[in-house]
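Next come the structures, one after another.
You will see two complexes here that share subunit A, one where it goes with subunit B and one where it goes with subunit C.
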Partner chain A sequence: MAFQLAFAVLLRLGLALSPLRLILKDDDLLSSPLTSHSRLREGIYLFQHGIDPYSGGTFRHSPLFLSTFATVLPSSGVVCALLWLLVDAAGAWALVQIWRARSRLKSSRRDEVIAATYLLNPYIFLPSLSLSTSTFETTLHLISLMFASQGQASPALLILAISTNLSLPSLMLLPPTMLLLLTDPVSHLASPKPFPAKLTKTLPLLVEFLAYFAVLVLACSLVAGGWGWIESTWGAGILLPDLTPNPGLWWYFFTEMFDYFRPFFLMVFTMHLLIYVAPVCIKYQHDPLYATFLLLGIIAIFKPYPTLSDPGLFLSLIALFPETYPHLRYPIVTTLLHLHAALLLPLFHHLWLATGTGNANFFYASTLVFGIANGGALLDCAWAGLRVAIGEADERWVVLQE
Partner chain B sequence: MQWLFLFSIALATCSASWAAHIDEEYNEELVLRALPNGKLAARFAFSTLLKGTTPRPPTKLSSDDASQHYTLFPLALGQLLREYAVTELHLTLNAGKWDYDSWGYPDEPGVGTGAELWTWMGDGAPTSIDERWKAIQNAFAGLFCASLGGMDTQRTTSPTRAFPPTGAMPHNARLRHATLPAENVCTENLTPFLKLLPCPAHAGIAALLAPHRVFDADWHGLGVHVRWRAGVGVELVLTVQAVMDPVRTSVEGKRDWSLRSLFDRTVPRACPVASSSHIKVFPPSSAVALALTPEPFWKGAAEAVYEVSQDTSDLDIAMRWPEEAKFTHPDRNLSSLSDFSVRRTLQGTTQTHGRLTVVLRNNRQTEIQTLYLETMPWHVEFYLHTLTVTCLGGKPCDHLFSNMTYIPPVPHAKPALLQAVLTLPPLATVRLSMNVRKSFLRYTEHPPDAQRGWELPPAVFIPVDSAARRMYTSPLLVDLPTPDFSMPYNVIIMSCTLIALLFGSLFNLFTRRFVVVKVYEDVARTVDVDDTKRK
Partner chain C sequence: MPSLAVRVRSRIRSALSSGDNGAKVRRRRKLTAALWSNLAILRVLLLVAGYAWMLALPSPQLGGSETYIDENALQPAQVNTYWSWGEVRRADDYLAELEALRDRNASSEERARYFVDEFTKLGVPASTQSYSIRSSLGVSRGVNAYAIYTAPRASGTEAIVISASWLSLTDGYNLRGLSTVLALSAFLTRYSHWSKDLIFVLSDSHLDGMHAWLSTYHGSTQSNMQADELELSSGVIWTALNLDYPGHSFSHLGIFREGLNGRLPNQDLLNSVRVIAHHTAGVPVILYDHFDSSEWPGRQDVLKLIPSWVPQPIREHRDVIEYGYRAKNVFRQMAYQARGRASGAHGLFHQYRIDAVTLFAVPSNGPHGFYALGRTVESTLRTMNNLLERLHASFFFYILTTPGKFLKIGMYLPSAVLVAVALMFGGMGEWVSAGWVEIVDDDGGADAKESGKQQKQKRWVTRSRDVVPALGIMIATHVGGALLFLILSSRWFIAQQAALALPLMLLLAAIPLGVQLIFTDAYPAPAAASSTAAPLSLLLKALTLCLASTLISVTSVLNFSLAALLAVVFGAPLSLAGAPASPTAGLLRYVEYAVLALGWLAHGAQVREAVWQWEVLGVWFAPLVCVVYAPIMLQAGIVALLPP
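== the complex of A and B ==
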C-alpha cells in the first residue's frame, strides 16, 4: 500500500514538472474566471504597478490570494507547480485524518486508498496541474472538515472563514460544520436519532465564525484599499458578469437569457443554491459529516463558477463512507455517465472554440450530461445514506418510500 | 440733406446688423500634394470663424441661450454646439487605411479607419458630461447620417494624453473619445456635409466635390473640427481628404492629372462670401521635368498657389510630365516618408485566446519617443503580465516601454485604456507583444452578423515632440466565440429540467418515509420502519 502511495506521489510530481501544465494553463474546465492562474498573475502585475486590479473585470480572486502571492508565495515557474502539488498533498493528508477520526482508528489499511482516491482523482489533479486556485479552496475545505472532525472549533471555523472569503458558496458549509463540532464525526447513519446537543450551543460558534470572517473582510479591504473587491469577487458569483464556459449550469443559461429575465433568474439560481442547507442538515442531523459531504456535492453541481475540482472533491469524499456502498442503487450508471461527460467535455470544448467545427450546443449538452452524472451520484449517496438505517432486507421484504 | 438722410439710414442698418449678427469669416483652401508613388493627396478645408465669440459656458445651460443668427456658420451645427456647450469637437469619418510609409503624414491627422469622435466639454452643467456626450453623438448621427449612436459607454474613453485640446479650454474641461472602426463612409454622409457649406457644390472649391469621384479614391475621409481660439473666436473647419490615383484611371499609365480628370469638375466661379480661396499644389520632389497649367498666381519654393477670385471661371489646374511615357512605381522599400512604421496584428487560432503584436520600425537616424494608445473594447482583455518588448534578435528590452497608465476593462460596460511611452532607438525595430483573452458575450450583445467578427479600434501613436503627427494603425478584426442564437428557449427548458429533476428527487428523498413492504400472495402489507425494527 505504501508503495502505491509513493507511486501516486511520484506520478503527480512527474506530471507537475511536465510541460502539460503549459497546455492546461487556460483550460476553461480546470480553472474558472474566479480561479484562473493567468488572471491571478495579471492581478498581481496590476497590483504591483499601482493599478487597482479590482477596477476591471479581469481579476476576480480574493485579496487574500493577491496579498499572499504578491508577497510570500511564488506565482510562476516550477516552484509554483510544486506548491500546488504540496497543497494537494495537504488535502490528501487532511482527508486521511478525517477518515481516521470517523473510523476512530489511529491508522488503518484504508488510509492509502483514501489518499490515493484524492491524489489520483483526475478531477482533482488536472485543476492542480493547471495551477487553478480551486486547489487551495478544496484543500481548505478538507482541512476545515478535519479540524471539525477532531473537535477543534477555532481552527475549523477560521479555515472555513478563509474558504468562504475565497469562494462565497462555502458559507453553506457553516451549519453542518457547527453541528459536526457539537457532535462527533463517527458514522451514525445506521442509527438515526435526533440531534443530541442543544442547538443554542451553535451560537458561540456562529459568533466566532462571524468574528473571523469580519476580520478577514477588513484585512481584504486594507489590502485592496477599499470595498471595490467585494463586487469583483463575491459579486461575480451573484451577477455572473463573466460568461466563460465551465462545466456548470450557469454560464450558458445566462448567455442565452433574455435581458429582462436576467435579474430574476440570477435571484432564482442564487436562492436555489441556499435552500438545500436546512433540509440536508435536518435530514442528516445524526451524521453532520455526511450532511457536509452532500452539501459539497450540491455546491459542485449548482455553484456559479465550478471547475472540475468541485465535483472532484465530492467524489473523493465518497471514500469516507464505505458503509453506504451496499445500498447504492446505480453506481455503474453514474460511473458511465461520468466517463461519458469526462470524455465529451474537453472534446466538445475543443471542437467549438479551437477547431470551430462544433458549436456551443455540443459543449452545453456535455455539461448537462456532467450535471446528470453529478446529480446521479448525489442522489444515490443521499439515498444510500438514508437506506443504511434499515439494514439488510431479504427476499420477502422490499424497502420503499411512502 | 438727402445724402445725410441716406447716410443715417445706412448707419442705422449697419449698427442694427452689428447688434444682431456676429462677425463671420469664411476661408476655403484646397491642397493638392503629388506623392512620389504617383498618387495625389487632396485636402479640402472650409473654415468659418465666428469672430469674438466664446463657446457657451456649461454653467449657463439651464438658462435661456441668446438667439443665434448666422450668415455663413451652419446654423444646424451652431445650435448643437451651443445646446450642449461643446468647447472643442472633432468628428472624422474615414474609409481605408492611410499608408504613412508611402503617403507621408496627412494634413489632417485624424485618419483612423471608420468614425472617430472626440469632444472637450466644460463640466459644471446641470446635465452630466456623459449625458451631453450621448446627446452629441445622437445629434451628430442625425446631422451626418452616420451610426454614431453606437459609441456608447462600451466604447468611450478619456485618453487625455493622446488627444489634448487644440484650442482654449474652459475650467474643468473633460475629454470624451470614441471610435467605430466598422462605420462606412458614403454619399449619405457627404451630402449633409456639403449642406453645411455657404457655397455647396455650385461655386468655389466645394464645387469639385463630386461624390462619385471622391468615393472612388484610394482613401477618403470627412472631418468636422470645432475649436475655440482664445481672443479670436470659435472656429469651424470642415475638411475632406482623399488620396487619388491618376495612374489607375489613366489609359497610358501616366501620372498626369487635372482637376477635371480627378474630380470630373472644374472650379466654375469663386464663392462670393469667401474671404480667401486658394488652391495650393505641391509637385513631387523629383528631377523629372513637369508642366503646370495654367500659370500659378504665386510660386513658392515647394508649392504653387492659385487664387480663386471673382474673375475666375472654369479653373482647371493640370500637372503633366511631358517627358514621361509611363509612370514607373518607385521601390516601396526605398525610403519611408514617415518617421516610423507600425504594424499591428492579432495572432492565434482559437476563439478564446490570442496574441496582440505591434511591430515598430524607426526610419530615422535619431531616437524617437512616442505615446502608444490602445482603446480596447472589453471583448478583448489584455494580459499585461505577458507583455514582452523585444528588439532585434528577440533580445528583451523592457526599458523601452515606460510611463504606463492602464484602466482595466469592465465586462458589459467599459473599454480598456492603455497608454505608455515607447522609445525607439535609431533605425531599430521594436516588437511589442502580449496575450489577450477573448470574452464570451451574452447572445443579445452580438450583432446580427455575429460570425463576421468585431472590429477593434486602431492603436494611436503620438510622437512626444510633435503631437500633430498622430499615427493610426489599421483596425483589427477579432473572431469572438458565439453561442447558438436559436437556443434561448431550449436552454431555459433543458437547464431548468435538470435542476427540477435533481431538486424534485432530493425533495422526494427528504420528505418521504422509508417503509418496508412485505410481499406475499399478492397482498401487500405496509409496516412502519419502527415496527420492522421491533421484529
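== the complex of A and C ==
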C-alpha cells in the first residue's frame, strides 16, 4: 500500500518538474479569472510598482494571496511548482486525517490508498500543474474539515474564514461545519436521528467565525489600501464581469443574455446556489460531514467561476464514505459520463478557440455533459447516503423514497 | 372537448399521487426486463443500422444537399478578369527556364536563387529560406523561395498565399505550377485593388519545404527541424491556394482539400473555386482526379471497380454507377482523413486556421492550359480578397459526395454514433451480468414438493465486481502500446524494419500468454461460475467495450472518418469477444485478435510513412494506432484467454 503512495508522490514530482505546466498555464479549464496564476503575477507586478491592482479588470485574487505571494511565497519558477505540489500533499494528508477521524482508527490500510487517489486524481493534479490558486482553496477546505472533524473549533473556523475570504461560495460550508463541530465525524448514515445538540450552541461559533472574518477583511483592506478589492474579488462572483469560458454553467448563459435581464438572473443564480444549504443540512443532520460533502458537490456544479479542482474535491471525498458504495445506483454511468466529459471539454475548447472550426456552442455542450456527470454523481451520492439507513431490504420490497 | 381535459388531468393526478407507486415500480420493472431480454437483439440491430448507414452514405437516394455559397461577401465569378494571353506567354517563358533547370539537375540553392532573381526583376521583395528536417527515415534538406507583395492601399494585417511546390502530388515535377505562380506574381502586382497582402511561396520538395516555411512563419519550433528565420513577413494568412500542374495541359481542375489530422477547409472556398472555374474559365471541376460518372472516362473507372460476376444490367444501371462514383469520392476522403494525411501541400495550412486547397490540373491532352488556370486563380483571389471577416464556423464539417453535393454533419454522424451506442450497450450489459448471477436453490425442496409445481427455485444474487485487476490489465496494455510506439519510431528499428517487424509482432503477442501462464500457476483460476465474485473476463470485456465506445463517439465530432474507421474495426470484433469453453479454443481466439491488433506491423511502407508523418508533421495516426487501437484489440484477445 505504501508503494502506491510512493508511486503517486514520485509521479507528481515528475509532472511538477516537467514542462507540462508551461503548456497548461493558461488553460481555461484549469484556472478561472479568479484563480489564474498569470493574473496573480500581473497583480503582484502592479502592486510592487505602486499601482492599485484592483483598479483594472484583470486581477481578481484576494489581497491575502497578493500579500503572501508578494512577500513570503515564491511566485515563479520551479520553486513555485514544488510549492503547489506541497499544498496538494497537505490536502492529501488532511483527507487522510478526516478519514481517520471518521473511522476512529489511528491508522488503517486505506490511508495510503486515499492519499494516492487524491494525489493522482486528474481533476486535482492538472489545476495544480497549471498553478491555479484553486489548489489552495481545495486544500484549505480539507484542512478546515479536518480540524472540524477533530473537534478543534477555532482552527476550523479560522481556516474556513480564510477560504471564504478567498472564494465567497465557501460561506455555504459554515452551517454544516458548525454542526460538525457540535457533534462528531463518525458515520451515522445507518442510524438517522435528530440533531443531538442544541442549535443555540452554534451562536458562539458563528460569532467566532464572524470575528475572524472581520479581522481578515480589515487586514485585506489595509493591504489593498481601501475597499476597492471587495468589488473586484467577491463582486466578480456575484456580478460576473469576466465571461472567460470555464467548465461551469454560468458564463455561456450570461454571454447570451440581454443586458436588462442580467441583474435579475444574477440574483436568481446566486440565490439558487444558497437555496440548497438549509435542506441538505436538515436532511443529513445526523451526519454533518456527509452534508458538507454534498454541499461541496453542489458548489462544484453551480458556482460562478469553477475550475476542475472543485468537482475534483467532491469526487475525492467519495473515498471517505465506503459504507455508501453498495447503494450507489449507477456508478458506471457516472464514471462513463465523466470520461466523456473529460475528453470532450479540452477537445471542444480546442475546436472553438484554436482551430476555429467549432464555435462557443460546442464547448458549452461539453460543459453541459460535465454538469450532468457531476449532477449524476451528486444525486447518486445523496441517494446512497440515505439508502444506507434502510439496510439490506428483502428482494420483494422496493425502496422508492427515503 | 371537456372530457379529454378531464381525462388528461386525472391521468396526471394519478401519476403524481403516491398511491400509484406500485404501478410505477411494475412499469419500470417491465421496461427493464424487456430491455434486458432483448439486449442482444438490440445490440445487433444498432450495429447493423450503423454499418448500413455508413454504406448508404454514397447512395444517390440519400441525396445530400446542393452546395451553396454561405458567405454573401464572397460574390464568386462576379468580376472581370484581366489575365490575358500575354501572361500565358510569360508563363511559357518561365517554364522553358525551369525545364532547363530541371534538365541540368540544378541544386535547391540554384533554383531558389533563380526564383528570387525573377521576383526581384519584377520589383517584388523576395527571399530564400533553407531548412533541414531530421527524422528516423533520414534528413531532408532544401531551400524555399518566397516573395511578399504588400497591398498598397491596405494595412497589411491580412494576407493570401499562392504557392506551388517543386514536386507534384503525383510523381513528377510541378514546373507548370511554379511558372504559373511566377507569372501571377508579375501580373497581380500590377493592380491596386488588393486589400490583403499577396505571398508567393515556391517551396522545395513536396510537403517538407512548405512545412518548414509555414511553421517558421507562425513561429512554431520543432526540435528536429532547422530552418532559417524569414527575412520578410506579412500579416495573418487567411486563405491559401496551392497550384499543382504536372502535365502539359489539363481537362479538369481537381480539388484536393484534406488537411493534417482530418482537418478540412471551409466549404465556401471549394464552392467559390467551383463556381469561378465553371463561369469564368469554363473548366469543369472534379473531386481529386475522379472524373464524373456521366463522362466516358469516369464511367469506365467506376465499371472497373465493380466485380465482373455482377450481371450486366445491374452493373450498368445508372444508380449503381452513380453509387460507385460517389463511394469512390467518399472513400478517398475517408482514406485521407482517417489516417490524418494531407492530400497535398495545402493540408499543412489548416492547423494555422487558414483555409487552403490544392487546384490540381488533371493531366490530359487538352483543352486547357495556363490561360484557364490563371483566370481561375485571379478570380478566386479577387473573391477571397472581398472577405472582411472569417468564413462561418458551421461550414467545416462535411463530406463531399460529388463536386456539387455534400452531406451535412447530421447526415453522416449518427452512423458512427450508432455503432458506439451498440458497444456501450454491450459494455453495460456485461457489467450487469458481471454483477448478478442466477443461482438455483435446493433447500426450498420441502415447500416445492408440496406445491408440486417446481422442484427448484431460481433467484438472482449480487456478486462483487473487483475492477482493479481489469483496470490493471488495461493500463498495462496501453503502456505496452506506448513502448511499441517508442520502438517503432526509433532509428535502429526503421533501419532494420524488414527483419525486426515479425519478431516484434510475435514477442508482443506472446507477452500476455506468458503472463497468463505464470499467473494461472501462481493463482489457480476460480470456479467458472462463482457466485461471490465476478469473473475477470466479464469485467475486462465490459470496461474495454465502454472505453472503445467512448473513443468512437468522442472522435466522431473531431474527425468523422477516423471514428468510422474505429467503428468498423472495433464494432464487430469487440462485440464478439468472449471467453470460449476450452483453453485451446481460447488460444485460437486470442491469436485472431493478436493478428488484428498487430498484423499491420508487417506492412513496412505504411509504418514508415506513418512514423515520418508523426515525426515531421505531427500526424496523430501512428501513436493512436499503437497506444489506443492495438491495446484495445489485445484486451479483447486477453478476454478469450481468461477463464470464463
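Please note the rule applied: the second predicted complex is superposed on the first by the 401 of 402 C-alpha atoms of A that agree within 3 Å, B and C clash if a C-alpha of one lies under 4 Å from a C-alpha of the other, contacts with A are read in each partner's own complex, and residues count from 1 in each chain.
Assume a contact is a pair of C-beta atoms (placed from the backbone, for glycine too) under 8 Å apart; a residue touches a chain by one contact, two chains touch by 3 or more.
Treat the numbers as computed from the prediction; the structure is a model and nothing was measured.
Contact with subunit B, but none with subunit C, is seen for A:R41 once the two complexes are overlaid on the shared chain. By the touch criterion stated above, A:L347 is placed in contact with subunit C alone, subunit B being left untouched. Of the two partner chains, both subunit B and subunit C are touched by A:V398. Counting the residues of subunit A that each partner touches, subunit B and subunit C differ, and the larger count belongs to B.
Of the two partner chains, subunit C is the only one touched by A:I332; subunit B is not. In the superposition on chain A, A:D242 contacts subunit B only, with no contact to subunit C. Legend: residue contacts after superposition of the two complexes on their common chain; A:P53 is shown touching subunit B, with no touch to subunit C.
In the superposition on chain A, A:N359 makes contact with both subunit B and subunit C. Subunit A residues in contact with subunit B (one complex) as well as with subunit C (other complex) are 354, 356, 359, 398, 400.
The touching residues of subunit A, when paired with subunit C in their complex, are 332-333, 336, 339-340, 343-344, 347-348, 351, 354-359, 362, 395, 398, 400. Interface residues of subunit C facing subunit A in the complex, by the touch rule stated above, are 21, 24-25, 263-264, 350-351, 353, 390, 393-394, 396-397, 424, 428, 431, 459-460, 546-547, 550, 553-554, 557-558.
For subunit B in complex with subunit A, the residues that touch the partner chain are 349-353, 378, 381-385, 404, 406-412, 416, 435, 437, 439-444, 481-484, 487-488, 491-492, 494-495, 498-499, 501-503, 505-510, 512-520, 526, 529, 532. Across the complex, subunit A meets subunit B through its residues 26, 28, 38, 41-42, 44-46, 49, 51, 53, 55-59, 241-245, 249, 251-259, 272, 276, 279-280, 283, 301-302, 352-354, 356, 359-361, 364, 368, 371-372, 375, 378-379, 382-383, 386-387, 389-390, 393, 396-402.
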